[in-house]
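Each of the two complexes below includes subunit A, the first together with subunit B, the second together with subunit C.
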Partner chain A sequence: MIPRYIGIAVLLFLPMPILIVVLSSFTSAGYLSFPIKGLSLRWYAEFLGSADWLRVLGTSALLALIGAVVSTGACFAAAWAVVRHKIRFGATYETILLAPLIFPHAAIGVIMIVTLSSLGWLGTFSGLVLVHCILTIPYAYRPVAAALRKSDAALEEAAASLGARPWRTFWMVTLPAVRPGLVTSLLFTFIISFDEVTVTLFLVGPFVMTLPVQVFSEVLESASPIIAAVSAALVLFTSAMVFILDRVIGIQFFVERD
Partner chain B sequence: MARTLRSALLLAPSAILIGIFLIGLVRLIASSVLIDGQIDLHHYVDIMNRPDYIAMLGRTLRTAALTTFFCLLLGYPTAYYVARYQGNRNILLLLIIFPWLVSIVVRSYGWVVILGPRGLVNGFLMWTGMADRPFKLMYNDFGVVMGLVHVLLPFMIIAILSVLMQISRNLEEASMSLGGRPFYSFRTVLLPLSLPGILTGVTLVYLMSTGAIVTPLLLGGLGDTMIGTEIFQEVMHFFDYPKAAALATVLLVTAMAVVLPLQVLERWLSKRLTDGAPS
Partner chain C sequence: MARDNTPAEPILSIDHVTKRFDGAVAVNSVSIDIMQGEFVTLLGPSGCGKSTLLRMIAGFETPTQGRILMRGEDMSHRPAYDREIGLVFQNLALFPHMNVFDNVAFGLRARGRTDGLQAKVQDMLALVGLDGFDTRRTGQISGGQRQRVALARSLVTQPDVLLLDEPLSALDLKLRRQLQTELKRIQQETGITFVFVTHDQEEALSMSDRIAVMNAGRVEQFSSAVDTYHRPATEFVARFVGETNLLRGQVQAASGGRVTLKLDNVTATVTAPAGDTSLGLGTDVAISIRPEHMTLGTDQPIAAQVLSHSFSGATITYALDSAAGRLLAQVPFQPGGGHPLPAKAPVSVGWTDTAVTLIPGKPGRS
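The block that comes next holds the complex of A and B.
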């Protein structure tokens, strides 16, 4: 009985602040307040009419796209070696790939400052790409390795024995079998990268900025409702991604153990 | 031989990425203790000699402990409710996964809107006449813990839920049909079996709350800093990188002191539980 009441309360509590941000973006007032003072879309017009905000949105999207493709590719290759080649110390290597997960974000931020400044990449787009690839590796590896474990190597051998060339086998047999895992990894890492703030805020500069970091610094400095409109756009975007993820692999994926 | 070479090539991209991270980690620690090529601990001595830093460390540990405690207190029953839900569980999962994937900036900002002086709570209190001026609900520990619990609760729920979903409901029913009362069968059957999930959740929430910057800064302000917000200030306002590196190393050590033992315990328990189970 008690778990039920707590459970229902928590499940309603979790989306509530997000809902409130979205609702407060429709205010017509020049300052942020809730309940809102009158209905208007002026803050959306301001967001979509601002070259600055749109440029930052573009940077975040491109960064997340490159990060997702690179870390999914790197993890697919690693998973192939671990699962199919059954390399020695495969399990240890898998643990090492998860390493970025067990470090506190503020410390990772400083580690990345040290790394990027030695490469001369602090405050550059390349620097952000490198860091986002590293940060998303643990999230990319799991779905990709799980898909590879589930796929049947015997099918590939059958295709090969029927005379298919390695690339053709890969393209026609392997890839379709692991596609859900790859798509999940791409979407999941895209979201993680697109939403990342804590580490990224140390690494942006006058020439490069991401959307969540821009929102963060605006919240610190002003209370303009445009932040609510931008946040609502972020929420809309995340909803779309969650919807696609649910279609592709099912939301159950997140609570499954392998 | 060709196969070994192929394996090495396949491992290379991920190994380079993780390698860059691990080299950065070593360089971070080195940069906090090396000054002009000499080992010099004065950043650490500075940190230990400043009462405001000691207070800040204490506040960080207290906030992280409180956040972890409340996440467990709310997260376990929620995970249990969802795991044993008879209807369409996907809708409940959506209510957990969706907020989890929304950026922490947006979620923390939501709490600014709720707890702020012109926010939801104060607006309601003043409208009903229960208060004639706004209460100070943020820029204090209350606001920070509230925000952190909300931001990190999905991690705890997901960690526990993924274990509970594997535990057969029959085990509980068997225990109860043998006369065990609900709490007794929870304590002797369900709790020990779900311990690995609890440990994973506790590890994640503790780790993320000690290293948090965004939520403490938005809801706690720059006054009462935590270690994450202190690092942020050293870097962004004072450009004192060696001090930031020393603080980051202190953060790493305090996090690892809790996380590593919990991880070892979790591995050991998981192994024991899966070895014992008929597969």
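The block that comes next holds the complex of A and C.
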């Protein structure tokens, strides 16, 4: 019986920090504390009324969007070559693409400082785009390659034998078949990029800042409950994305009966 | 749909086609001509190269050597989408995200032939017996219906040649028989040339005008279904198509279009039609006699003993042990004619000379 209580305790414990952050964002006090003193939405108003916060929110959203599209597109091309054309050393290329997953983020941060400064991209938006693409590529490659492996190459041959030129086959047959993988990849990479702190921390500067890093540096300087409000907004946003993801995978399940 | 074609010009010519994969020869210098409106079957065991040949005709593989001609025009390097060739896949490859109508309409839309598209698709669905299935999803219909959708999809563009890659192999026997009959009917109604790939010799015999029997990348024999069965050109064909008794021997005398053989193991001599081949005295040859052409009695030339029998309603097939080795003899079953012969019963077997096929042997080949 003891394991069951432990299990329940763990399940209750896991969402606790999230719950505490969300609850403390509704405080009316001027400092971060728990349990909260009085209920108010003033920190949300402050967050949404602050040009600084909205600017970093915009930066993060744009960065995540570009990162998601670029990684997903690049991974589709890579997976196409490895899965469909069975290029030589395909398995090696796959390992390289998945490498950022196991590489320590602190090391990547240091390497990227050196790399970006030699390019003159340190502290620029383009630099962040490059790094976020590298970090999200493993998350993009896996669902895209899996979808491509699952979709039957004979479908493409069938389309060709029916007179469809390569582009038509791509749009009408290949893309619909791998769409669940592409959507999964886009949402996943967006979330990964949007929440990324460790590596980005090394690379931000006075001219470019992302939302999660801004939260981090704010925590170091002050204990304003606005951080809780921003974090709660991030939690809400990420949960919404995961919910959409789950729905997509649910749809995928129904589409793949045959 | 009948096209103005002189019989002399084949619609599809395979001209000394060879395909190698990393040095391994999959198809070895195959040459066959297929005529407009024919139902031709590529028959052979798995790995004989029949599917590779089909994929080259479809345009998914390029011949290493040789040419593939359609109406005299070299197709060898033309992409699949530029050939007027339909293909029914073994796993059907229906588009899962489209309904039945859109699957069938795909080829017309891809080729930009959208005039009267609705009517053409409906006519084709009617031809394959799928009226009213337009809006069904491909996952919502039975295996047999999916076959029909695949067939309709590749026929609606009226290809010059329709290739079928073992499309019936996943179905149960009864449905398979039914669809064989229907395939043949649809082929005759549309007049489209069918090239059918199968490893099932019964299927090949029942459907084809001509059969190309393939083995180890080569065509062993390309002839009518009747000749493939009754005049096998090689030992492989004799064994692969139907059951047969193969006996080996040497030519003892040849005259007047007939040869007399001295058989190995038995003292009997047989005479057989020599066919087109002229054989020198002493040449190694084999003869093939189908079990149904064997005669079972008490006054036949070869003494034998019954090993076992199998009863199939109209006939009984006996496995016999004889001086010439193990033989099969199939005899009609006479109602009221008593029970099948028991095991170990002494009998003698022979055959009618006209039913014997002479196969020029290659020494040392089994």
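Keep this in mind: the second predicted complex is superposed on the first by the 246 of 258 C-alpha atoms of A that agree within 3 Å, B and C clash if a C-alpha of one lies under 4 Å from a C-alpha of the other, contacts with A are read in each partner's own complex, and residues count from 1 in each chain.
One rule holds in what follows: a contact is a pair of C-beta atoms (placed from the backbone, for glycine too) under 8 Å apart; a residue touches a chain by one contact, two chains touch by 3 or more.
Owing to the predicted nature of the structure, the values given are computational and were not obtained by experimental measurement.
Aligning the two structures on subunit A places subunit B and subunit C next to each other without any clash. In the superposed pair of complexes, A:L122 makes contact with neither subunit B nor subunit C. In the superposed model, A:P176 makes contact with subunit C only, not with subunit B. By the touch criterion defined above, A:A81 reaches subunit B but does not reach subunit C. In the overlay built on the shared chain, the residue A:V248 is in contact with neither subunit B nor subunit C.
Applying the stated contact rule after C-alpha superposition, one finds that A:F216 touches subunit B and leaves subunit C untouched.
In the superposition on chain A, A:P35 makes contact with subunit B only, while subunit C stays out of contact range. Touch counts on subunit A: comparing subunit C and subunit B, the chain ahead is B.
Note on the composite model: angle subunit B-subunit A-subunit C, taken at the C-alpha centres, equals 100°, rounded to the nearest 10.
Legend: residue contacts after superposition of the two complexes on their common chain; A:I66 is shown touching neither subunit B nor subunit C.
After superposing the two complexes on chain A, the closest approach between C-alpha atoms of subunit B and subunit C comes to 13 Å. Shared contact residues on subunit A (touching subunit B in one structure, subunit C in the other): 255-257. By the touch criterion stated above, subunit B contacts subunit A in their complex at residues 3, 6-7, 9-15, 17-18, 20-25, 27-28, 31, 74-78, 80-82, 90, 92-99, 101-114, 116, 118-120, 123, 150, 153-154, 157-158, 161-163, 165-166, 203, 207-208, 210-214, 217-218, 227-228, 231-232, 235-236, 241, 244-245, 247-249, 251-252, 255, 259, 263. Listing the residues of subunit A that touch subunit C in their complex gives 152, 154-155, 157-166, 168-169, 172-173, 176-177, 255-258.
Per the touch definition, subunit C reaches subunit A in the complex via residues 58-60, 79-81, 83, 85-87, 89, 91, 93-97, 106-107, 110-111, 138-139, 153-154, 157. Considering their complex, residues 2-4, 6-8, 10-18, 20-21, 24, 31-35, 70-71, 73-75, 77-78, 80-81, 85, 87, 93, 96-97, 99-100, 102-115, 118, 130, 133-134, 137, 141, 191, 194-195, 197-198, 201-202, 212, 215-216, 219-220, 227-228, 231, 234-235, 238-239, 241-242, 246, 250-252, 254-257 of subunit A touch subunit B.
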